[in-house]
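Heads up, the next two complexes both have subunit A, just with different partners, subunit B and then subunit C.
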Partner chain A sequence: MITFRKRRMIGVSVSLVLATLFIVCYRKLTDNLVSTATCSGLLLFGFILFLAAYNGRKRITFLPLGKSSTWLQFHLYSGYLCIVLFLIHVGFRTPHGGLETLLAIVFGLVAGSGIVGAILSRMIPRRLTQRAGTIIFETIPLLRRELKDSVDALILNSIELTGKTTIADFYAYRLASFFVGPRNFWSHVQGSERHLSRTYANLMGLKRYLSHDELTVVERLADKVREKDNLDFQYSLQLLLKYWLFIHIPLTFSLIIIGLFHGIYASLWT
Partner chain B sequence: MNEASELGVERPGRWDKPFDSNMSDEHVRSVLKVAPFSLIDAQKFPKSMPLAGILKNDTRLVTYKRGDLIVREGDYGSSAFFIMSGSVRVVVDSEATKLADKALGRTPPKEKNWKEALSQLWTNAKVPEYRASVKFVGNAVPGGGAGLRTEAGNTRVFLQDVSAVLNEHKTVQLHEGEFFGEIAALGRTPRTATIFAEADGVELLEIKWQGLRDIRNHAPQIREHIDRIYRERSLLIHLHETPMFAHLTNEQLEAVAAETQFKSFGNFDWHASYKTVIERTASSRLNDEPIIVEQGDYPNAVILIRAGFARLSEIIGNGHRTVSYFGRGQYYGYREVFHNWKNDASVPYQFTLRGIGHTDVLIVPSQVIEKLVLPTIPKEQQPWFAIESKTTSGSDQLAKRDQQNRVGTDVLEFLVENRYINGTAAMMINLDRCTRCDDCIRACANAHDNNPKFIRDGKQVGNLMIGHACMQCQDPVCMIGCPTGAIHRETLKGNVVINDLTCIGCGSCAASCPYENIQMVETRNAQGEYLLDKATNRPIVKATKCDLCLEQITGPACQNACPHDALVRIDVSDRIDLVNWVKR
Partner chain C sequence: MHLFGHRRYNRPNQKWECGRAAEGKACSLGPDSGGKCIIKSECKPVRDANGFQCARPTQLGGQCPTGPLPDGSCCLQIPPCSPRRTTRAKRQLLVLLTAAFSIGLCFYFFGVSSPHRGFLSGGSLSNRHSSIKHQCSSCHATVEGNVINWVLSAKHPNVQSQKCLECHSMSPHVFSPHGVNPTVLAKLTEVRHGDGKPVEPGAKRMECNTCHKEHRGFQADIKTMTNNQCQTCHAKSFKSFANGHPEFDKFPFRRRTRILFDHSSHFGKNFDKAGVKDMRCQTCHAPDSAGQLMVVSGFKQACAQCHSNQIHGVDQLEKGLVFFRVPAVDLKTLKTKGINIGEWPEDADGALTPFQKILIANDDRFSTAFKQVPDVDLTDLGGLSDADLKAVGQVLWGVKSLLADLAGENSKHLQTKLEKYLKHELAPAELALLAGALPPDVLRNTASAWFHNLKAEVGAFHTGRLTATHRFKQPKDLKDTDVDWVTAGGWYRNNGDYTLRYRPIGHADPFIHNWLDVAAASYAESKLSKGLFDSLSSRKANAGSCMKCHSVDAVAGAAGASGGVHVNWHSKSSDNEPKTFDRFRHVSHFSLLGNTGCLTCHSINKDAEYEKAFVGRDNTVFESNFQPIKKATCVACHQSDRAGDSCLSCHNYHVGEVLSSQSSFKKVQTSMDGDEQTAAAPAGAVPVAVATPAPTATPTPTPTPTSVATPVPAPTATPTPKGD
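Let's look at the complex of A and B:
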């Protein structure tokens, strides 16, 4: 079984060799005043079609078309090579003209979203595992609702138990909205816990007004806050992992359509 | 006081619930009149477990009609049979497996071709758990047609054309006073033949394995009978498959077999108590695991695992640390015996070997090994590793062991404690790589008519998780108790699969699976409406589980669909594969 490190080394090495080969060919041809636009354009478009085919492979799971992980490796390194091919195709200059600029922007967004996605796919799973193990994304709304119900019950019980509404008031003004839905998306993405520290600080501040019985309730409330924060953490990061593809894939198909149009247009006018 | 008296309850006893409440004292007396039970000295049984008590609580009398299948080749069972009256037929020819499959409406699995695989794109059902048909109807094929009938709450499978079976298959007749099924029952091995009743009114005494074990322990004639059958049928094959004995001649192997002793450890029904046992502390669980050999004892035998699993541990401080686990075919003690044969200074057993769940072992005395095996053993069969010095400090040992295991003790303990070592295709997920994209679940659903067969959730250790997918256990306890043989090992790859048409939805397999990897689902028609039982008006349920994509040309769809190599179907007993994957 080949190790990930070895696989990465092979992938990077082969990609570097091919990228160098593309650049050397480009230099040789341009030095001899041969236009590379058509050749590099077709090659680039072929690469893009191959990259887009991965989405189709993911849907056709019952044919022996190779492991999805193998496809992903080809997808990643072909994607990097595409950037090199793109630079060769535009002649290492900034694009000009409306269509070219649009195409370059869309290409940049597809490539950028792909690279960001690859990085997220490597970084986020570790963070998810380290903090809270595994919660199935689709069950999070249900778990959130159950948690909210248990907190509501805790607060109502505290009123019955203590005869005071101090905690209930605090909950209604400061915490109720926190338990209703997903919160602090960007804080979780950035790995910040400031929002949690702030909530804890507010809870600590409340303690000076509470009786012994109420303090017990506040401690349990703090546990619930931590529990909800874990759910938000899982929700935010899993959402990011799932939805970056919603940018990458539609843009890819836009790129194919615009690229096709660009190819036809270029072939007609050159 | 009241509270105290309410807390005081009677301790549950083994015979609180007899095997069959209809087994009366009169029945027991009639059994005791028949040989070999009439020859057993009842005085040799302990007062707490008299022979009559065993017969009353651990046996039952069952009457079969002509053609009724009693045991089916390949099935697992936890009881043996004694013929009280009538005769039965054992199908012994090479077509017996086909008979069992055909008779039970099992279609031998067939891998899909490209066209069939691709057609799943448009032929997969649009509603969950859709079934075109939910019931097996005997196909009346001569020699193969079978039917289901219910009698006194029990579902029986019967052959419709016994004469055709007798004409087309080679069979052996067993008569009154003969036992069958005892090796499979005691050894937790699949039934080796299909047996059916030859005529109406065949009366059999069905003996639970616990009863058989206790009778065997206290009645020498029964013990000799069972041991003789095992020696005749299985022992030589088992020894021959053991690498240590591979170089021996047939005569030498027979000499080893003659000296080999059998012993069982632990609880046969370990799966029933698994969920409560797993909640207890590690040391408490360990204390309950029976010791087969103990660290520090003189190595007077090599222990071969015949069935079940064993844990190898070493003393660290006041506790024990798991260093390895063994399954069927593996052995312990050879290295120590070899060392003592080769050197003047002897060493004791270096580790403690314990039975996990239920473990059947073969004990080969060291004198036999020294006399017959070691003098002629080829160099490549000799243990290449030296006995470690136990004078090194505990932490040194820990570090060294960690390096050897590489997966780390936490993972090893996790796999053993949770009995995942039972899995030959456990779904292991590296959570550090899993992006929770659910491509695995979608692929599984695509391969199974849009019904995923596993849950991407389960117990975790560090960054590893074992998902709720059928592990294709070495010891498939789910197969014990299936009344129709719907859950069985198929003949193509040996996977445990469920025959949907003969599954009656009793839930016995789902309840038996210790890992909660079998689900009961409510079936629907093409419109998505629940299929209702005419008699009860309740939905018809079926057991469902992962079949390892047996019919797909791609193999396990989940593993193939994982973009990040985060999921693998792995044989946990294959330590090399396990270590390579975990450390990848």
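Let's look at the complex of A and C:
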């Protein structure tokens, strides 16, 4: 069994060796006045196709194409090599042409989103499991709805139970919008709980005006706030985990199409 | 979280989900694959013997208490929802939209007309090429028209470099490294690095874009090369200029100076003797417009003060160039053999001049006879056969006919002979230059003074009615006239030796200058031209003394076998010097000069046998007046952390004739001007003689002084080692 650390060390080492090899070859060929544009372009395009094939691998589960985790490892380190190949292809300079600049921007977004995605894929699952267990992303709207219904019921019951509307008013003015939809996205991404502390502080401030029965309701309301915050936490992080692919995958296809066009165009014009 | 239970509608791998899923009221089936809500009631009642029965599954609550309606429809109707895309489906849609947009974008730019294809350009052109912005086909020959044409033309070989040559005039071997003939390059390598790795001639074709990478922005330097790139091909590689670069080999004095000027004798003796004071380097030298060469300021400023009289021949005993002479002839032998040459002065002296030989040899009436006895000694005809003597007689009648023709009413005689010699028709201006504006009256007076019956005699000879030899009557009371009158230049007659002479009008005399160029042009092919050139270019020549200062370089012929000559009328300049491998910008180094000025780098070599090199015509045999520049002098500054040590600081990649597009344009313009002149002049006229007889520069299209100057023979323009 290869440990994660060992696997990463092997991956990084092989990537560094290959990247060094690419750069040395590039320098050597350039010194020999050999144009590396075609060679590096074809290699880069091949790498991009290989990277894109990972998306297909995830769909084709019935063919024995190797484990998805192995593919992911190759995807990650090939992606890093791709960046080196890209720099070699553009000659370590800023592209000037419109098409080349567009390609460079698309590549940058794909590579950047890929790196961000890799980081998120490492960090978020750990944070999710550390705090609140596992919730399926698609069920969160339903859970949120049920939570809101239960809170609404709690507030209505409190009016009947205590005959006062203090909690209901507080809920209507301060908490109702909190339970309606996802909230505090960036706070959750950053790992901050300041918003929760603020809400708790407001509830604590309310306590001095409440009777014993109302205090019981507030305690339960605080639990609901905690549950909603957990839902928001799950939603925010899982949203990140899913939606970085909204940049990475579509732009990958765009990169392949424009890159292919660029290759045909360059071969015709030179 | 378990609080919420597990009764959920979860289909994240499908494209659509029920619109009420978020409310916890998702239907049992969900939308179809097209995103349409397909369920309308909780069940589809089934009909049996008892009528319609509820068919709701047990997991959804089992049979409802109300049961189906009488018409068989379910009593629990479900209002339709608006199905929503799943996250995965949204992503797929975005992929499709992005791909479609990308394809559309590509097709749009493939399809647009040429002026709008700027987006497809690899980037802005460098400032030198910015004028052809949006004119893609100026450089990309294969992509004119629409995309279909591009594909069709892609099968053609790469012609992009050829498009470069439409503006940039380069050497014939432009695709060889350095633009040098591969064979020559291999030999140059062998000469310099005999122990280096072998160079295979023609092994590599160098396209222009191998080094010149365009579309890298307006400010991009498309001419730059790295030191490593230079060293890729070179036989010996080294770390840097300071560390490993070979010592200079006689730099920059690898060839003989074009103008003979002995700095040692002038500074050490001549200037003092002539009373010339305060002579400094800049008195005669000044940087050219590019700031590179220190060109000589010209005869008028640098030399005329002392050397004008030498050109006029003031101090010479025998003044002027002999154009026509009545040669001394062995009259006794001719008389004995019965060869009648009419009247002939017994006291004539000297042989036929080269001019006479050319004109007689190109006279149809006498050419055959001349070819039979071209170099016969006319003063000793005793040993000749009767046939040769007869030919000699014909040649002597040719001499008299020539004089009669020149003195005649029709100037066509001279023109016809010259045209036959030059093998092309002469424009009036050319004829005037080659005739030296010879006044007809001078010829007529000469003819009548020397031969009293010349016209009658010659007429009789040509009509075959020649009967008797007239006795020659010595001209009386004829003075050796005009010699002083033409001190400033012109024609005069010397009756004492029966010669018609020309005295140069000054420096760059057009008559002598043009005849030297004409003779040099056919030096290798024509014995007559060789004779004329050798006569005029002799350092002892008493007319003009051109070769006292102007050196003559041997030039290899077409096959490198028979050699021609080239007169170096001008000192080294960027106009007459094909680009060499080396370059040095003098102006950039002026601020580094010490108290000794130019002598900081150029120290005089007093022991050098400078003038000895000018005896021959091999310009590589040379010992300069100055000590060669030492590498150490340059290394003092040219290091990577100081003034830089890039190869291109001191070396050119392209050598030979290299013109920028601007220069090429000038060349085209010149060519067009030439065409206009040619159109005015008879076809085939040689521009050399059309050149204005200005006292200074007279550009000539004579063979370039190349091959012999190089260490190896080559018929084409090859880099010449640096000289003056």
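FYI, the second predicted complex is superposed on the first by the 270 of 270 C-alpha atoms of A that agree within 3 Å, B and C clash if a C-alpha of one lies under 4 Å from a C-alpha of the other, contacts with A are read in each partner's own complex, and residues count from 1 in each chain.
Please note the rule applied: a residue touches a chain if its C-beta (ideal position, glycine included) is under 8 Å from a C-beta of that chain, and two chains touch if they have at least 3 such contacts.
All values reported here derive from a predicted model rather than from experimental measurement.
K.L.:
With subunit A superposed, do subunit B and subunit C clash or fit?
P.N.:
With subunit A aligned, subunit B clears subunit C, so fit.
K.L.:
On the A-aligned overlay, A:136 touches which partner chain: subunit B = first, subunit C = second, or both, or neither?
P.N.:
both
K.L.:
From the CA centre of subunit A, what is the angle out to the CA centres of subunit B and subunit C, nearest 10°?
P.N.:
130
K.L.:
Check whether A:257 is in contact with subunit B, with subunit C, with both or with neither, and answer first, second, both or neither.
P.N.:
second
K.L.:
Go through the superposed model and pick first if A:71 touches only subunit B, second if only subunit C, both, or neither.
P.N.:
A:71 sits against subunit B, while subunit C stays out of touch.
K.L.:
Return first, second, both or neither, reflecting whether A:97 touches subunit B, subunit C, both chains, or no partner chain.
P.N.:
In the superposed model, A:97 contacts subunit C only, not subunit B.
K.L.:
Could you say whether A:242 touches subunit B, subunit C, both of them, or neither, answering first, second, both or neither?
P.N.:
both
K.L.:
Have a look and say if subunit B or subunit C is in touch with more residues of subunit A.
P.N.:
C
K.L.:
Kindly classify A:63 by the partners it touches after superposition: subunit B alone (first), subunit C alone (second), both, or neither?
P.N.:
first
K.L.:
Between subunit B and subunit C, what minimal C-alpha to C-alpha distance in angstrom results from the superposition?
P.N.:
Scanning every C-alpha pair, the shortest subunit B to subunit C distance is 5 Å.
K.L.:
Touching subunit B and also subunit C: which subunit A residues?
P.N.:
Correct list for subunit A: 133-134, 136-137, 242.
K.L.:
Please output the residues of subunit A touching subunit B within their complex, sorted ascending.
P.N.:
Residues 1, 3-4, 58, 60-64, 67-69, 71-72, 121, 124-126, 128-129, 133-134, 136-137, 238, 241-242.
K.L.:
For the complex, give me every residue of subunit A touching subunit C.
P.N.:
Contact set of subunit A toward subunit C: 30-33, 35, 93, 95-100, 132-139, 141-147, 227, 230, 242, 245-246, 249-251, 253-254, 257-258, 261, 265-270.
K.L.:
Touching residues of subunit C toward subunit A in the complex: what are they?
P.N.:
Within the complex, subunit C contacts subunit A at residues 1, 3-4, 8, 10, 12, 17, 21-24, 86-87, 90-91, 94-95, 97-99, 101-103, 105-106, 109-110, 118-124, 136, 140, 142-143, 150-151, 154, 158, 160, 206, 209-211, 215-217, 226, 228-229, 231-232.
K.L.:
What part of subunit B is in contact with subunit A in the complex they form?
P.N.:
Going by the criterion above, the answer is residues 112, 114, 117-118, 120-121, 431-437, 439, 442-443, 446-447, 456-457, 460, 463, 465, 552-554, 557, 559-566, 577, 580-581, 583-584.
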